[in-house]
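Should a chain be cited, it is by its letter among A, B, C, D, E and F, assigned in written order, with residues numbered from 1 in that chain.
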Amino acid sequence: MFTLTVREHIMIAHSFRGAVFGPAQKLHGATYLVDVEFRRTELDADGLVIDIGLASQALKKVLEPLNYRNLDELPDFAGQNTTTEFMAKALFDRLAGRIAEGELGEAAKGLNGLKVTLWESHIAWAAFEGALPA
Amino acid sequence: MFTLTVREHIMIAHSFRGAVFGPAQKLHGATYLVDVEFRRTELDADGLVIDIGLASQALKKVLEPLNYRNLDELPDFAGQNTTTEFMAKALFDRLAGRIAEGELGEAAKGLNGLKVTLWESHIAWAAFEGALPA
Amino acid sequence: MFTLTVREHIMIAHSFRGAVFGPAQKLHGATYLVDVEFRRTELDADGLVIDIGLASQALKKVLEPLNYRNLDELPDFAGQNTTTEFMAKALFDRLAGRIAEGELGEAAKGLNGLKVTLWESHIAWAAFEGALPA
Amino acid sequence: MFTLTVREHIMIAHSFRGAVFGPAQKLHGATYLVDVEFRRTELDADGLVIDIGLASQALKKVLEPLNYRNLDELPDFAGQNTTTEFMAKALFDRLAGRIAEGELGEAAKGLNGLKVTLWESHIAWAAFEGALPA
Amino acid sequence: MFTLTVREHIMIAHSFRGAVFGPAQKLHGATYLVDVEFRRTELDADGLVIDIGLASQALKKVLEPLNYRNLDELPDFAGQNTTTEFMAKALFDRLAGRIAEGELGEAAKGLNGLKVTLWESHIAWAAFEGALPA
Amino acid sequence: MFTLTVREHIMIAHSFRGAVFGPAQKLHGATYLVDVEFRRTELDADGLVIDIGLASQALKKVLEPLNYRNLDELPDFAGQNTTTEFMAKALFDRLAGRIAEGELGEAAKGLNGLKVTLWESHIAWAAFEGALPA
């Protein structure tokens, strides 16, 4: 298997509901480093997993509505604890949607899977990985 | 699959037996960065892989009897080369035991697997990963 | 000159006022990695710049009232843009105060200076450094 | 599964052909950090995934003909875009060959797989992973 | 003193002349991580060392004519060994020029100094630092 | 000022005497990442701070008698707490000696200063910096 990974970041505010979250129930925030790993079994005709320019552009578009925002106020996440692991899945779904719609180009249809990792600090990070529909 | 990873570290002394180890047969030591990745297929009711507070606490308890110690003197490792890869498995087993005993909470019973990575320097690291009993 | 540095982190929310801040005028947040460098010209009697245990404890106490908080709501920062560089200075002042009060021990009176660095992401960080009163 | 990973680096020049590469069609270069992960299901008699000395030596030998070179001029890569993902596979194949020839020792025949990761910058990296013949 | 640092990168080819350079006399390349530290003694009216948006834009403009290029072919560096330390100074000079011309805004005239660090790998880096004219 | 920095590492065992050290009074160990920064005001005739080959070689020679050793048993450190900050100075002195003896070449006599940084973990490091005799 081949993979290509690109890194971006966002800066968000949010709060959590539930005693399990302790002091993180208060409004606070995070810098999330966002690593997206694109996976495929064979390289495309140019010797690539994915056009890195289109990949970065798609990732920026997916992050843009979240960056410099309070996630508690976004309708998409209403009633949801926007934990790091939940956000990894949310970003996975949004990227998978853009790939399916052809936004990353024809070649991107050869992708088999994605992994989205969010670093919330130098000592804690979460990820979601899964297959893409053939 | 979802994962959550936390990082800790320990500072230990040890020595190895066997010509393959060359100068590392002498008593020396290491700072091990310890990354523990918790894995599960579905998030729990709070939107979590694991309560990060309980996870960090369990990891600290597992590391505590090793930290600031000479591993050559610990009965558990008698007659054993405490290589980085061996120690990754030893920490995996101890954490798996604590999860089975319920120390990381009821929700932790939904965990499917663990990966323990030990960094012995900026240019070498080892890991053990495996499934947890259902 | 000798230095010793310790790293901690906090997760905060805040917003900025002023057109120069662009989208960061909205409520957002950050994970700040906080590196505190302690400086002195001669080591103390134990061969130390500072007792690392007392240093970490003092840093945690200084960070605790900021961690998991919305800085916009803290009276100390009322009417202030809590930029990364401003926060570096605020932490410097608070640590210098604790050193002066003797909280880091007698030996800490031999410290000559401090540098506080705050990483807001993997691609941007700010610092404040200065002398300590003799 | 157990893994052991070692890190090296090379500094190379190259250029790409194809409009998809944009400005990278011009002759430029890269520092590649090269991480090689060795995989096996059981440790060998010394408690090792692989003799780290032999592993590092083999990796250096594989990198040596590429280091400080213009990849465009190497006959092995004639007519080939030496993308990061392509180079990960090329290094995988060369290491797998050396393992099969016994250069990493008898014990290395117990290896099940390899993963080669090449970092082209702090924000982009590629990898190839696969099984080794039994 | 206050500082703010931003990180970018470029990918270049070059070669060196002189026996001291050994194998690096051949055409090869590098990924340079470029860290630019802006220094001033007092924050500006917005609580900033420098408008990070303008700073990043100026850095990108300074790097653009070097990125994806063979430095051996650039007239500005004719007859010059473009070592990492030399390039740090070259970037310092170009940034200092843009600050003097007002491209980073009026407030940037309060800057006292710059430090430019170029990482050529995870184990080697070089820097040039100096004062800015008042 | 120009600087060039190279990174190496050692793995040592040691123990400390004095209640201030708490659990570190027991025999333990550390991986020290060792960064040596060479400083000079003007580049040499080759456009270098220092011949990086000679610099790395000298650093390896200085580290070799410490690597894979128990520092408690080395006569040079008898009766001494080999703290991270103390070791930074010890390495500074040994490197300065080799520079004075001409081991890093004639050009190295133009060096003005050194900084030696030892990372004992991802969250703690110490350094010693000073001038070199003209």
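Just so it is clear, a contact is a pair of C-beta atoms (placed from the backbone, for glycine too) under 8 Å apart; a residue touches a chain by one contact, two chains touch by 3 or more.
Since we're looking at a predicted model, the values are computed, not measured.
The set of chains in contact with subunit B as well as subunit E comprises D, F.
A count of C-beta contacts for the chain pairs A-B and D-E puts D-E on top.
Where subunit B touches subunit D, under half of the residue numbers in use are shared by the two copies, so each contributes mostly different positions. Remark: rotation between subunit B and subunit C after Cα superposition is 180° (nearest 5). Spacing of subunit B relative to subunit F, judged by their CA centroids, is 31 angstrom. The geometric centre of subunit A is 27 Å away from that of subunit D, both derived from CA atoms. Residue positions 7, 122-123 of subunit E each touch two or more of the other chains.
Those residues of subunit A whose C-beta lies close enough to touch subunit C in the complex are 7, 9, 11-14, 23-24, 26-33, 67-70, 120-123.
The residues of subunit A lying in touch with subunit D in their complex are 1-8, 43, 46-49, 51-53.
For subunit C in complex with subunit E, the residues that touch the partner chain are 18, 20-22, 80-86, 88-89, 122-130.
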